[in-house]
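In what follows, a single structure is set out as structure tokens and then discussed.
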Amino acid sequence: MMAAQMDNQAEFVGGAFSSDPEKSAEAGKAYYMDPKRVYKTWQEMVEKESALGEDERIDFVTIVTPNSSHAEIATAFAEAGIDIMCEKPMTMDLASAKALAETVKKAEIAFALNHNYTGYPMVKQAKHMVASGDFGKINKIVVEYPQGWLSGYLRGEEGAIRPWRMDPKLAGSACCMGDIGTHAENLARYITGLEIEELCADLSSFIPDNKLDDDGNCLVHWQDGVKGILMASQISSGEENGLNIRIYGTQMGMQWFQEDPNYLHLKDPSGFKKTLSRGNPDILCDAANKGSRLPFGHPDGFIEAMANGYLAFFEEVRAGKPTGADHPTVDDGVVGMAFIETVVESAKAGATWVKMKK
Amino acid sequence: MMAAQMDNQAEFVGGAFSSDPEKSAEAGKAYYMDPKRVYKTWQEMVEKESALGEDERIDFVTIVTPNSSHAEIATAFAEAGIDIMCEKPMTMDLASAKALAETVKKAEIAFALNHNYTGYPMVKQAKHMVASGDFGKINKIVVEYPQGWLSGYLRGEEGAIRPWRMDPKLAGSACCMGDIGTHAENLARYITGLEIEELCADLSSFIPDNKLDDDGNCLVHWQDGVKGILMASQISSGEENGLNIRIYGTQMGMQWFQEDPNYLHLKDPSGFKKTLSRGNPDILCDAANKGSRLPFGHPDGFIEAMANGYLAFFEEVRAGKPTGADHPTVDDGVVGMAFIETVVESAKAGATWVKMKK
Amino acid sequence: MMAAQMDNQAEFVGGAFSSDPEKSAEAGKAYYMDPKRVYKTWQEMVEKESALGEDERIDFVTIVTPNSSHAEIATAFAEAGIDIMCEKPMTMDLASAKALAETVKKAEIAFALNHNYTGYPMVKQAKHMVASGDFGKINKIVVEYPQGWLSGYLRGEEGAIRPWRMDPKLAGSACCMGDIGTHAENLARYITGLEIEELCADLSSFIPDNKLDDDGNCLVHWQDGVKGILMASQISSGEENGLNIRIYGTQMGMQWFQEDPNYLHLKDPSGFKKTLSRGNPDILCDAANKGSRLPFGHPDGFIEAMANGYLAFFEEVRAGKPTGADHPTVDDGVVGMAFIETVVESAKAGATWVKMKK
Amino acid sequence: MMAAQMDNQAEFVGGAFSSDPEKSAEAGKAYYMDPKRVYKTWQEMVEKESALGEDERIDFVTIVTPNSSHAEIATAFAEAGIDIMCEKPMTMDLASAKALAETVKKAEIAFALNHNYTGYPMVKQAKHMVASGDFGKINKIVVEYPQGWLSGYLRGEEGAIRPWRMDPKLAGSACCMGDIGTHAENLARYITGLEIEELCADLSSFIPDNKLDDDGNCLVHWQDGVKGILMASQISSGEENGLNIRIYGTQMGMQWFQEDPNYLHLKDPSGFKKTLSRGNPDILCDAANKGSRLPFGHPDGFIEAMANGYLAFFEEVRAGKPTGADHPTVDDGVVGMAFIETVVESAKAGATWVKMKK
């Protein structure tokens, strides 16, 4: 909500805030919303908002319900012609993701996936530099997403025990790879434009009663002969939210860390390690500058990155249709589900090579 | 504006946006404001808003006009009983700062100064640790604010030439020390609670036609026998916005960098250098946790720090009076002006020791 | 030579310095050596030194000839009862490594392999902490050795072209994995005591005419259910000598970088990131302290690490037999060759899982 | 000793190792030295070595006795025509330093002061870049040397109590400024070539019974209108050996940390922060390359830096006279003593400005 409203271009006016109607009403009050627009269920919301005239109707809906309900809710709003910002993962499996993508395209609505990490300006700068050939021919990618929070489970810390994450019915077929591995795949693809061709995934469940993965190491072959590693982990004790990527081309290498997002580190073999700072309009690309609210030295953070995704989505909301704005799309949601299914199939077969599903 | 609205507790509904009435009207339109509340002058705004009933009247005003007009405008709104968020420096000299402080206290309005750097959660954690005695008896402080932007002037870069900063009529009696030296003083005082007793300031004007300082190095004696250095510079080529502070006590040292604000570095002489991360409610103090919107690993930035000042101010706006909420006050504004006048007097006397003015 | 002589316990007195007798003589002169002890060939050296009495004979020999001659030369000196410090890789294949190990053990000489990276004090501290259970049960290891120097080949830089590295006859069956992948395996095993059970290696030759690997990514299963990644690369443009390791246990994680070797980074999930500095005898283990020549804040480097291997070797040279001193052994040399052959077999089979050879 | 022998160009063959003749004899034995050359006193050593022929006589002597005896011993060896490597501080006061300098120059011997921090290759690179004009006109210098070891005294740690450091008879007129402040002065002068014109020194004794300074902050005016700060401290809890320098010119800024000595950080206002690595012969200056024993990525440390001073000294020892080789000289020793006396005079006068003594 902070991210959506950051740039003063949207205001939350209503919603269905809980599966419990009373709690929904209370939440609406806390947000100073008109009680008439605080609905008991999302079904009621679709129905009543659809009945309003174009001018009165909400401009868009944000879906932040449990994963298993995304597909159904998104389909209903899409069919009602209401623009959608949907939390990831988009659906529970690849088939339903593809079905939703079809519905969304048919409805010609604006649809964005909240894959926020690509909203960081220096990620956009990296994408620009890859496209400009600054790194030469890309040969190797190492993308990692280590977290440590589930290791608390192994130490008996109560706060770390969130059973729904490990329940296939609620979380889908993957836990760690679904929750954060998809961000790693998305980040590498966003920056380089390269799709995974095949992968070999070694998933583990270090937590004794975990039916799903809490750690995974993958060998990856991307398009164009690019090779590398994709790693995601929730049991890397002491890691916070360590998404990071290294890309090596024939001319130069680079590194970006999500926890220190305002800097892009260039590894120039001529002998200078260089660091580019966000907020330097003279030397950064347009997309990086557009996503910057403050000059260099005034750090931006996670909320600003997420707000950039919203800003791009709002361009389409105002246009009333998809325009190719710079935000994660329904197709990114489809690739994410394909990635999860490919990884799980590879792991189940004993970490063998599997072609990326489509 | 982003910072003020971040937490969904305020909305900008009107204002006087330019000394040119037409520009003011245009700006109001861009912000989707009611034209009736887009005023031609601040005088008109005071008058018309004062005439409205309690329920309709604006809750507070934000003053972001040039420095030389802060005092007059703030006095008018204070006398009208309207709460104020004022940009720093609060006034042009110590006398008018003290006068405004008196007016504000008499009016019993909420008044906050936008000294945003103390809004960072890890600054609040440092303050808490000093108060808790974690560092032992403080002996030494080194607080620095190096920037490089004015060095562009020395290289003939057009963008670096902003004459008003160097004009005593518009900027006051100090340039670098007024603009950023005051932040350094404020940061050290906020964390340690220590006031400057006396200082010896060596100010320079490296820019040929600069009548004011663009660099300054000060020896400082704080209360309780604490000694140290306060440095501020606008000609430190290549520095971005490098506010940082080191504090050394008998038990431990610490360091905080504004450009990497989510971490507090502890220098434990027992042999462990430790780093505390923002967003860890179990081990951080209440004030640091209150100022955190996201868990560790999800970086906060400058806008969030500024929003924390607004949040504290809003507590008072809702209370309808000063409550001691955690934001820079009118008294901080007075100390800031006292600091500037003390520094300038010391420098003019050839960098001799001068007692801090009151 | 600097490393061997650092601690004033050895002096180089003679040798065979080139396959060209004249060059050998010249080199001996430059080192101020007695010409009688500057031999034309290593065969002459073995013969003449063996003929000398115990008191006159050299105490040990250092073998730094091309890889393909290590086995033959080491066997000759071992059979003559002369202690050996041998460059890695120890031999050209696993069979000859095992044969040499047998010879060395039968001769009961002191034999050390110059796997210098385990000589760093903070690596020894990490080993101590793993053994002490400070990290809990280890679950995951990520060990990487990225270098960029061969990427110069891809950019047409002359200096980067060293054909012998890519020639199977001179370099053996692996280039990157043999030269630096073995260091990564050795480092992980030294710290954790864990052997690789099986691995899946994806090797690449990005340099067009390279018959050997210049990059490799491996999934690894170590003993005790530990999983992870071993990566080595010579085409990671802009990387210098980036050997590093991360180890995650149930209680804590850790990280060590060869390029910043005086620090061990602990990732404590209780919220403190901690850094231990070399040279702090009160809190570091005996092995780390023994390997430190200076107090904290006075950085040690690569030569000192290598000198630590020599110091441990000299303990055995003085003892006249193996004593279990803390240096890489002939068995480490065997494991290194086994690693290379396993990796190459896995890669040739299309990156499939292969049990570690013995 | 490690540093002196590192490059295989010198060997310690004898000495007077203690004021207690028995201890001296024991030490000599431990170093495997000829007992005839292990002297009971330095007087005996001067006498007997002088009596030997040119070929047999020692090439040079290293003086590492307590500060108060440096002048007398050095004078005696100088008058005997024996080259000298002398620990710093060179003498106990400026007058005796100037007298020694005269003796040394008259004797035309090689004389080096062991001011090791300028031996680091990246310090030499910084010096080269200043001289080449890469930073433009220098405007500001901030040089700091924070240590924390004496803060242990304030916490009652036994190890921190070394009374001789605080005894004016043994340590001279300054403790912290004499021991480490002189290194800071020397580093700034070595890199920039600038001498101090005047300074204003605020010295403190935080340790209750300390008759000398344990902390000091100085405002400094160097030649050419350069202004800045020189700080040294032994009570900065948790600091290790934090010598560092920042230099700001009109074109660019730079930073170097002794604890991370292999890198030189350039602050380029055009927007790239750049880091230069030691061991890159193509882009570094001759002096930096000459002082490097290993390629980039293989860290050098303190011993190697000290060895560089010895190497330069040995050039002169071999030449049999001063040649202007790149090591700290007897004149550096004189400036160091002048610095100490100036700082102490300024502090005693209540931190007022004092012209640098000569």
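As written, the chains take the letters A, B, C and D, and residue 1 is the first residue of each chain.
Going forward, a contact is a pair of C-beta atoms (placed from the backbone, for glycine too) under 8 Å apart; a residue touches a chain by one contact, two chains touch by 3 or more.
Just so it is clear, the model here is predicted, and its values are computed rather than measured.
Note on connectivity: the fewest chain-to-chain touch steps from chain A to chain D number 1. Put simply, the chain farthest from chain D by mean CA position is A.
Rounded to a whole number, the gap between the C-alpha centres of chain B and chain D is 42 angstrom. With each centre defined as the average position of its C-alpha atoms, the distance from chain A to chain B rounds to 36 Å. For chain D, the set of residues touching two or more other chains reads 239, 273, 277, 296.
The touch graph of the protein chains shown is complete.
Chain contact summary for the complex, chain C toward chain B: residues 270-277, 280, 282-284, 296.
Those residues of chain C that touch chain D in the shared complex are 1-2, 5-8, 12, 31-32, 147, 239-242, 258-262, 277, 293-304. Those residues of chain A whose C-beta lies close enough to touch chain C in the complex are 135-137, 139-140, 142, 144, 146, 148, 151-152, 154-155, 200, 202, 204, 206, 215, 217, 219, 227-229, 231, 233, 235-239, 246, 248-253, 266-269, 273, 350-353.
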